[in-house]
Each structure stands twice: as C-alpha cells, then as structure tokens.
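Structures are listed in the sections that come next.
One chain, subunit A, appears in both complexes that follow, with subunit B as partner in the first and subunit C in the second.
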Partner chain A sequence: MIVRRTVGWLDERFGTNALLHVALKKIYPDHWSFYLGEFALYFFLVLVGTGVWLTFAFDAGAQNAYGSVLALAARNHPIGYEIRQIHHWAAVCFVAAILVHMSRIFFTGAFRRPRELNWMVGVTMLLLASFTGFTGYSLPNDGLSGTGLRIAYSVALSIPLIGRWAAGVFAGGDDFPGPQLTTHLYTLHVYFLPVTIGALIALHLGLLVYQKHTQFVRDPNRVVGRRFWPDYALRTVAALGATLAVLALLATFFEINPVGDYGPYRPWIVMNGAVPDWYAAFLEGALRLGPATEIRIAGHPIPPVFWPGLVLPSVTFLFLLLWPFIEARLTGDRAPHDVLEKPTQVPLRVGVGAALIFEGLLLTIAAGDDQTAATLHVRLDTLVWLYRSALLLGPIVVGLLAARIAMDVRARAAEGAEPPPDAVMLVRNAHGGYEEEEPQAG
Partner chain B sequence: MIVAIFLTLTIAGALGATLAAAFGAPPSALGGALAVAFIGLAGAAGAAASALRARDDLTEPRAPHGPTHPRPLPADVTRPVFGRMWFAALGAFAVLGLVPLVSLARKPGRQARTGWGPGVRLVDENNQPIPHDRLVDGGIETVFPQGAAELPEAPAVLIRGDDGGYRAFSKICTHAGCPVALYRRASHQLICPCHQSIFDVEDGAKNISGPAPRPLPALALDTDGEGYLIARGDFDGPVGPDDWDRVL
Partner chain C sequence: MLILTLPVLLAMLGTAPSGADIYVTKCESCHGVQQWGSPDGPSLHHVGLAEVDFYLTTGRMPAAAPWVQVAHRDERAGQQLPLAEIRALEAYLAPVVAGGPPLPEVISGSDLEHGHRLYEINCEQCHAVGGNGGSIGRSDWAPALHQATIDEVADAVRAGPGEMPRFGERQLVQSDLDDLAGYVMAMQTMQPGSGGPPFRSTGPVPEGALGYVAIVVLIVFVFGYWRHDRRETGGRPK
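== the complex of A and B ==
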C-alpha cells in the first residue's frame, strides 16, 4: 500500500512508471558465473556501509590512529569488532571477487568488441580496489602495515628523476614517515578512491544494461533469460544474502589483521614472517626475487626496487587493460560478439590466461619464500633461483601446455559433433547468422 | 512455506543480533546471529526464485551492430564549431592544471642527518647509554645516537662478535628501508625479514644474498672515559635505499 502510493506519487511528478515498466521487464540471461561480478558489487556496498561507521570511530591523526583502532576493535567492544572484521574481510574478498569475475570475462571472451571499454573500466577498478585495500590496511599505523608503507615509500623513491618528489608528495615530508602520511592515506582511502570506484561501478553497470549482457549461445540475435522482476530480483537478493552471510561467518570465527598483536609502528622493529594482504603479496614476492643490481646513469642510481616494485605491476596492468585490442590484433577477429565462447574454444586465450595466473601465483608464493625454505629444509638461495627460473620459463611452458590441452579438448568436441555423411554443416558466422559450410572433398 | 521458515530465521537473527549488541554479548553471539539472519535472507530469496524455475525463458532482441547514423551532427552544421584555437585553449588549461599538482611536491630533500658523529654515545631503546660490557659474545642490541634517537636514519644494530669485538651497522636495509632485524649468530649474518637480504657481519656487512644492492653502512666505535660505547664518526656510507638524486 505504502509502496504503491509512493510509486504513484513519483509517477505523477516525474513520469517514472514507464521507465520502471521497462526496467522491471528487462531480460537478463542466467548462468552461475554471471553472479561473480555481483558478489564484487555487494562486497563494495558492505565496504561503504561499514566504512562510514569506521570513520566515526577512528582517529586519523598519526599519534592516535593505532590506539583508536585498538579501542574500537577490541573483543570487548563487540559492535566495533564485528564491523571492523567485516570491513577487512569484505576488502580482501572484494579484490578476490573482482579477479574471479575478471577471469570469467577473460576466458569466455566477453570483453570482445563491442565491450572493450567496459573491460577497461573493470581492470581500472581492480587497480583502484587494490589501492583502496592497501591504503585502508595501512591506516592503523601498526607494526605490520607501517613496514609495508616503508617499502611503498622506497618504491616511490626509486622512480628515476622524480623519485624524491613522488615520495615527498606521498609521505608529506622529507623522510619516512612524513608528518602527513596518515592524513594522506585517510583522504585517499575514505574519499578519493571509493568515490572513484563508485562512479566507475555506475559506468560499468550502465554500459552493461545498455549493451545487454552476453550469454552462451541460445539465439545470437536475442537475449534469452528471465525478467528482472520477479525472477532476477529474487536471485540477486539471494546473492546479496549469501555475500553477507559469508562475511558474517568469516568476521566472527576467523580473526583477520589482529593489529593488537602487531604493536604500533616503530621504524626499527619488524615482525618475522611479515606479509601483506593477499592481493599485494605478488609485489612482495617480486621484490624478493628481484635483482640486487643498482643501475647508474651518469652517476644517478636506479635502485633495484624500481623494476619489481613499479615496472612489473605497471606493465601487467597495461597488458590487462589493453588485452581486448591485443587479442583482436593477434586473432584478426574485429567483429562484434554478443555470444560467449567456451574457454577451450580459443587456445591462445587459454595459454595467455594460464601464463598470467601462473606468474601471479608464483610471485605470491615467493612472498613466503623464507618460510617455505625453512619448512622444506632447502637453502633460501636455492629456492630464490628456482623461483627466478620458473618466473622466466614457467609462463612459456604453462602457456603452451594449457593451449595444447585446449586444442585437444576443442578437437575432441568437434569429433563428437561430426555430422552424418549427407548432412549439411551449419556454421555460425561472426555476425550471428548461419552459413552452410562447403562439404569437404573425400 | 519454506520461504516463510527462512524469513522467520532472518527476523530471529536480526532481532537476536540487536539484543546481543544491546546486552554486550561477545562477538561470537552477535556475529552468529547476524550470520543466521543473512543465511535466512539468502535461503528465502533462493527458495522463492527456484519456485519460479518452471516458468519459460523469455527473450528480448539485441540491437544490431554497426553504424547507427552516417553523420552525428545536424545537417545545417557544416563547418567545425570548435576549431584549433579552442583545443589550444583546452591545452593551456591542462598546463595550468599541473600547477596545483606540482605545488604539492615537497622540497626534494632527504635529511642526510643520521645523528651520529664523533663522540656520540650509543643509547638503547630506553635512552640509556651502553656500557662496554653490556653484551655477551654473539649478543645483539638496537642502538640510537644519544639525543637524536628519533631521526629516521639513526637506528643501528650493535653486535658483539664471538671474538668479543663490537661492530655496529645501520639497521635500515639498503634495499627497501626495512629494519634489518634478524641475526643468525652461527653464520654471523644479519637478515632483513622483509625481502631476505643477507649481510655478513664479519665482512663489513657485505650484501651476500638477496636483493639489497649495497652493504649496510658501518659505524666505527670506541669507548669513552666512563666506559660507555661511543661512535667515532658517522656511518661510512649513505643510509637506506638510494634514489635518483643521491649521486655517489
């Protein structure tokens, strides 16, 4: 009754019913893998909700930051404890959900023309989500995150020509930690980054709705699925409920980032076995495997952290960002596609994807090389050289192997679908229509 | 019916969590009730959605691909409205936009001051000077220059070797600036826990393994008249990671 009257009131003033009618009737295709991006969206909403509460309980001043986190997140402050735990768990799950969603888009070819721009928006959000996570986890000024910031500062310092300026802007002073470091992090974490992500999400979803969702083939010229209301609305509420339930369970029964155990940051103290949140671990691994050589150009040093700390992630990000165009160039396929491919249909993509995942996993594992060496009783040196070789050779081997497997699967599938002798073979062309394939001689 | 059961769980969970919070129950009670509420929500929506499963799929046409209009401008607009000068003006604003960004950049100085110098006493974390018999053979302690312990480049490690002699090195790793906090006495190695750079204490803290590009700067030591350890001068090299402007 209240809902109906409100809707009517709005319609009389803004003519919203026509729009609502279209929106509620819109058809969405259904597949389990299409919910992965939704999980990411819901993690983001949880982050904003819990984050707003946290800004009111947190003291961003460098002097009091650590103490205020301890006070708001102690176990004897159950509300603060739950909200901070949910916030941190949602952050690590957010990045994970984006990556899994992105893998789905990648391996099914959903990024192809005409959806290249939306892919780029998504890759940008992955980067921003990682930055938001890093700046947020650094806010408490505890012993673990402070060391991470010190490393980030050194990486900024390593940039040729502008290193000192970059590091100075970041830290707000001549040395680490500059007097304004925490306030800089705070502004980035609670304002600039989340607002940018929010705007990009709006663009991401707007493009998705406007261009319509891709799907595995049913009818290339039509979207086949269910209306938003009621089918899809119920499904997405179920996804939301599942997201929240998982977060509540994780936050309650698995404590993450117990800053009370780390102590406040003091520049001369570090924990053994200190590793960052999982999405930053590949950088830690890269720094461990990186060369020790310091190049000098006319006496100016380029410190070794520059290559693994900045060049490697930048190149990776650019490669991902431009992948739709790189693939179009490699395959020569520039036609628009609304129909998804099975991952094994495109061995090239499977190979590249497998190589990238291999590199990411290897660098992440390398972030714990000291503990691996101790557990396996091997020399750390040996392990580092093993990892370095795997880093250079592994992607080639893994990529070729994965592509080969994809080719076999594709060939077997084609064999199974072999037509009877006098049947006509219909082949779907790039424009979504069907053509008859010429019968082969013999 | 199933939906109603799940929604009952949701209501019970939400109210339970409210009560848990109101009465200061431990996080496990609050979080457990929250989880029940959310599981109920997911279950109710999921059950309601699967009740609709029997219905047929619907379809909606996709827009055709390709150009939609040969020329986006209205037909009576034939000459460019925004010519080159407009773009030049835009470029000028872009240059202007760099001003606030550049103005943020701090003076590109790195304090070269470590606080160490001839005759400066070594102090511990509690600001107490260090008598020459403070450490046993193989012992290690973090030390600071008296009166300047807060300087970021000040921290040093003091190690007493198995021969009874003291050595002191900067504690800031030359790789990424982490504190070189681990000491392995058997092989007399200092190890940085961040990226596993290893320095040989018996060989001038030379970087023998890992990504550090330089040895740790050393601090020459002496004993003053009262038997406390003092520095003979500053570190014998620059502290911490290098940068473009640190021309050696």
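== the complex of A and C ==
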C-alpha cells in the first residue's frame, strides 16, 4: 500500500513508471560466474559503510593516528574492534573478488568488441582498489605498514628526473616520514580513491546495462535469463546476504592486522617477516627478485628498485588494459561478440592467462621467501635463484602447457559430440548380472 | 663379553656420572681434551656459562653429529641431557669457560609494556612479531620463541649464541632483562581478550589466503544455488 502510493506519487510528478517498468522487467542472463562481480560490488558497499564509521573514530594527525586506531580497535570497545575487522577483511576480499571476476571475464572472452572500454574500466578499478587498500592499511602508522610506506617512498625516489619531487609530494615533506604523510594518505584513502571507484562502478554498470550482458547461449539474437523482479532481485539480495555473512564470520573468528602487536612505526625498527597485504605482495616479491644493478644514463643513476618497483607493474597493467586490442590483433577477430566462449575454446587466451597467473602467483610467493626459507630450512639465496629462473622460464612453460591442454580438451569436446561407435551401455539386471542395454529404436 | 660390559652396567646403575665423565663421553671428541676445540667444534675457553647453559638446556648440545640439531632445537634428536647431568657438566666446565657471560639470574618481569618496547627495539628484527622467528639471510634463521623457557631466553640474551648479538649489562640492565624475558613468556601464552577472535593473526600472508577461501565459499554458495535453480526449471533458465 505504502509502496503503491509512493510509486504513484513519484509517477504523477516525474513519470517514473515507464522507467520502473523497464528496470523491473530487465532480463539478466543466468550463470553462477556472473555473481563474481556482484560480490566485488557488495564488498565495496561494506567498505564504504564501515569506512564512514571509521573516519569518525580515526585521528588523521600523524602523532595521534596510531593511538586513535588502538583506542577504536581495543577489544573492549563496543563495536570498534568488529567494525575495523570487517573493514579490513572486506578490503582483502574486495581485491580478491575483483581479480576472480576479472579472470572470468578474461577466460570467457567477455571483453571482446564491443565491450573493450568496460574491460579497461574494470582493470583501472583493480589498480585503484589495490591503491585504496595500500593507503588504507598504511593509515594506522604501525610498525608493519610504516615499513611498506618506506619502501614505496624509495620506489618513488627511484623515478628518473622527478624522483625527489615525487617522493617529497608522496611523503609530505623532504624527509621520511614527512609531517603531511598521514594527511595525504587519509585524503587519498577517504575521498579521492573511493569516490573515483564509486564513479567508475557507476560507469561500469551503466555500460553493462547499455551494452547488455554477455551470455552462454548459442543464439546471439535471444536473451535468455531472469527478469529483475522478482527472480533476479531476490537472488542478488541472497548474494549480498552471503557476502555479509562470510565477512561477519571472518571478522568474528579470525584476527586481522593486529596493529597493537606491531607497535607504532619507528623508522629504525623493521620486523622480520614483514610483508604487505596480498594484493601488494607481488611488488614486494619483484623487489626481492630484481637484480641489484644500478644503470647510469648520461651520468644519472637509475636505482635498481625502479625496474621491479615501477616498470614491471606499469607494463603489466598496460598489458592487461590493452589486452582486448592485443588479442584482436593476434587473432584478427574484430567482429562484435555477445556470446561467451568456454575457456578451452581459445588456447591462446588460456596460455596467456595461465602465464600471467603463474607470474603473479610466483611474485606473490617470492614476497615471503624469507619465511619459506626459515620454514623449509633451505638457503635464502637458493630460493631467490630458484624463483628468478622460474620467473623467466615458468610463464613460457606454463603458458604452452595450458594452451596445449586447452587444445586437447577442445579436440576431445569436438569428438565427444557423438559417442564412439563401439560403446555399449551395461545395465544391472534383477539377478545381479550385467546385460548390454538394447539400443533404443528410432 | 660380560666382563667387558660389566663396568658400564655398574656405572649406569650407580649414581649420576660426574661432569668429567660426561665431558669425556659426550663432548671431548669435538671440543678437545683440554677444551681448546677441534675442526669439528669450537674452543670452550672463556665462552661463559650462559652460552654453555643455552646449548645444553635447549638440547642443541650434545650434538648427535657436528651437523645435527646444533642450529635449532630438535626434540627428535633425543640427545638432551637430564638437568642433573647438565648441572654436573657446568660445574666441571665452570673454571674453563669463566671470563664470558656468567649464568644469568632472571625473574619474570612485571612491566610487560616495557618488555614489549625492548622486544620491538632489540628482538623483532630477527625473531619477528609474536616470536615466530624467521630467516636472517643465507641459511641462517632466528628460531621461534614459542617453546623457550625463561632461563633459555636470559641465557641467549646474555650469551648471544650463533648469529645472535650479545646483550650485556650495558645494553640491558637486570630489570630490562627481567621485563624482556617476562614479555617473551607472556607472548607464548597470550590469549585473545574478551570479545577477541579465537584465531590470532600470523601476518598478511595467511590473511590473504583466507580472503581467497572466503571467495571460494561464496562461489560454492552461488554455484549450488544456480544448480538448484536449473534443476527446478528442468535444466533451462525460465
């Protein structure tokens, strides 16, 4: 009753019913993997919700940041501890959900014409989400994240020509940590980055609605799926509920980022086993594996951290960003596609994707090489050289192997369409014996 | 045969062996007749009782062989001497090792906050947050402190075994040592307070892995739902 009157009131003034009709009747193609992006969206909503609460309790002054986090995250605080736990877990899961969603888009070819731009929006959001996470976990000014900031400062310093200036702007002063550092991080983390991500999500979904969703159906001229109301709406609300439930379970049972144990950041203390959150770990791994050679160009030194710390991630993201065009160039397929492919249908894509995943995984694992060495009691240097060789050879081997497997699967699927001629169906009879089933007539 | 083994049997039945006997049977082959060492083991002169006590009480010595268990505590080696024999051996070696850090006295300090600060400044670089230990380059690693007793902690701080630096009275006064050792002991038993989660964090690596587990749980959820939907509608979406 109330709903009907409200809708009527709005329609009389704005004529919204036509729009509402279209929105409620919109058909959403149906596949379990289409929910991955929604999980990312819901993690983002949780991050905004809990983040707003945290800004009220957080003191962005460099002197008081750590203390204010300890106070709001004290175990006897009525809700602060739980909210901070949920916020951090949501951040860890948010980036993971984006990456998993992106893998689905990649391996099913959903990025192909006409959706190249939306793919680029997505890749940009992955980059921004990682940045948001990094600036966020660096805010408490604790011993672990302070070490990460110091590394980021050094990487910024290594940029040729503008390094000193860039590092100074980042650190908020000529020295590290500058007096404005926490304020800069706060502004980035609380205003600039989330607002940009929010705007890009709007663009992402707007393009999705405008260009229509891709689907796994043979006939490209027919959209098969569920109407928004009531089928799809209830399912997506269930996905939201599942997201909230998983976060609540994580936050309740698993401690995350215990800044109290890490102590406040003091530049002269670097703890053993210090690693960043997982989405930044590949950078740490790259720094650990990168060669310690300094190149001089016209007398200007280029520090060794420049290559693994900046060039490698930039090249990787550029490659991801431009992948739709690279693939179109490689395959010569520039036709528009609304129907998805099974991953194994395109061995080239499987090979490139597997190689990229291997590279990312290896660099991430390399970020914990000291812990691996201590756990397995092997020499640290041995691990470093092992990882270095795997980094150069692994992607080629893994990529070729994955492409080969995809080709085999594709070939077998083509054969398997009709059963081999000598196949028989065995049926167990009432006496416990086995008989060949009579072929069905017709 | 019986005549040969009889003295050994008698010795086993009798009182605890003297420090000199233990030295001859367990230590001499590497550390030498007069404790000046050999290619297999260092000299013991002036190393100090703290170091001797550390190696003996943690079971690193006597070593099954010069390359076994010395660098880390390994209960499986099963070589650890009973406490009475350790004390006898220490009494025997005391004149030789004199000159190094003596056996420290330690009580569990009460100022945990101060102990934590000392731990952050002096220990965390190698033994990591929570005493988890870690690699310190090449094939060396700092051991985890989860099983260390308070006396072993004090021994290690004063003696600096292996790659570990020595922390003398000028770095850590007696009350510092007490607070630090007290903090390490508290760290071992630290339980989450009221309302805290039951599983304590061991760093960003397992945290990230758990994040992916959460995503997999969500995928299983929607996949199950989707399969259920398809079965309800006869294998085709409505």
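Criterion: the second predicted complex is superposed on the first by the 415 of 442 C-alpha atoms of A that agree within 3 Å, B and C clash if a C-alpha of one lies under 4 Å from a C-alpha of the other, contacts with A are read in each partner's own complex, and residues count from 1 in each chain.
Keep this in mind: a contact is a pair of C-beta atoms (placed from the backbone, for glycine too) under 8 Å apart; a residue touches a chain by one contact, two chains touch by 3 or more.
This one's a predicted model, so the numbers in the text were calculated from it and none came from an experiment.
> Would you check which partner chain A:362 touches, where first means subunit B only, second means subunit C only, and both and neither mean what they say?
neither
> Determine, under the contact definition given at the top, whether A:157 touches first (subunit B), second (subunit C), both, or neither.
So A:157 only meets subunit B here.
> Mind working out whether A:381 is in touch with subunit B, subunit C, both or neither, as first, second, both or neither?
Both partners, subunit B and subunit C.
> Return first, second, both or neither, reflecting whether A:261 touches subunit B, subunit C, both chains, or no partner chain.
A:261 contacts subunit C only, not subunit B.
> Touch test for A:231: subunit B only (first), subunit C only (second), both, or neither?
both
> In the superposed arrangement, which partner chain does A:242 touch: subunit B (first), subunit C (second), both, or neither?
Touch status of A:242: both partners.
> Looking at the overlay, what does A:320 touch: subunit B (first), subunit C (second), both, or neither?
neither
> Which of the two partners, first being subunit B and second being subunit C, lies in contact with A:406: first, second, both, or neither?
So A:406 meets neither subunit B nor subunit C here.
> Comparing subunit B against subunit C, which has contacts with more of the residues in subunit A?
Counted on subunit A, the partner with more touching residues turns out to be B.
> Check whether A:81 is in contact with subunit B, with subunit C, with both or with neither, and answer first, second, both or neither.
both
> Taking the contacts subunit A makes with subunit B in one complex and with subunit C in the other, which residues are shared?
Shared contact residues on subunit A: 75, 81, 85, 224-226, 231, 235, 238-239, 242, 247, 251-253, 269-273, 369-370, 380-381.
> Where on subunit B does subunit A make contact in their complex?
20-21, 24-32, 34-35, 38-46, 48-49, 52, 55, 57-63, 65-66, 104-111, 142, 152-153, 155, 171-172, 175-179, 181-182, 193-197, 207, 209-214, 240-248
> In the complex formed with subunit A, which residues of subunit C make contact?
116-117, 120-121, 124-130, 132-139, 141-142, 192-201, 203-205, 207-212, 214-215, 217-219, 221-223, 225-227, 229, 236-238
> Can you check the complex and tell me which residues of subunit A touch subunit B?
Against subunit B, the touching part of subunit A is residues 26-27, 75, 78-79, 81-82, 85, 114, 147, 150-151, 153-155, 157-165, 167-169, 172-178, 212, 219, 221-227, 230-231, 234-235, 237-242, 244-245, 247-249, 251-253, 267-274, 284, 287-294, 299-305, 309, 336, 338, 369-370, 380-381, 384, 431.
> Which positions of subunit A touch subunit C when the two form their complex?
Per the touch definition, subunit A meets subunit C at residues 30-32, 35-36, 39, 75-76, 81, 85, 89, 92-93, 96-97, 100, 143-144, 224-226, 231, 235, 238-239, 242-243, 246-247, 250-258, 261-263, 266, 269-273, 275-279, 281, 367-371, 373-374, 377-381.
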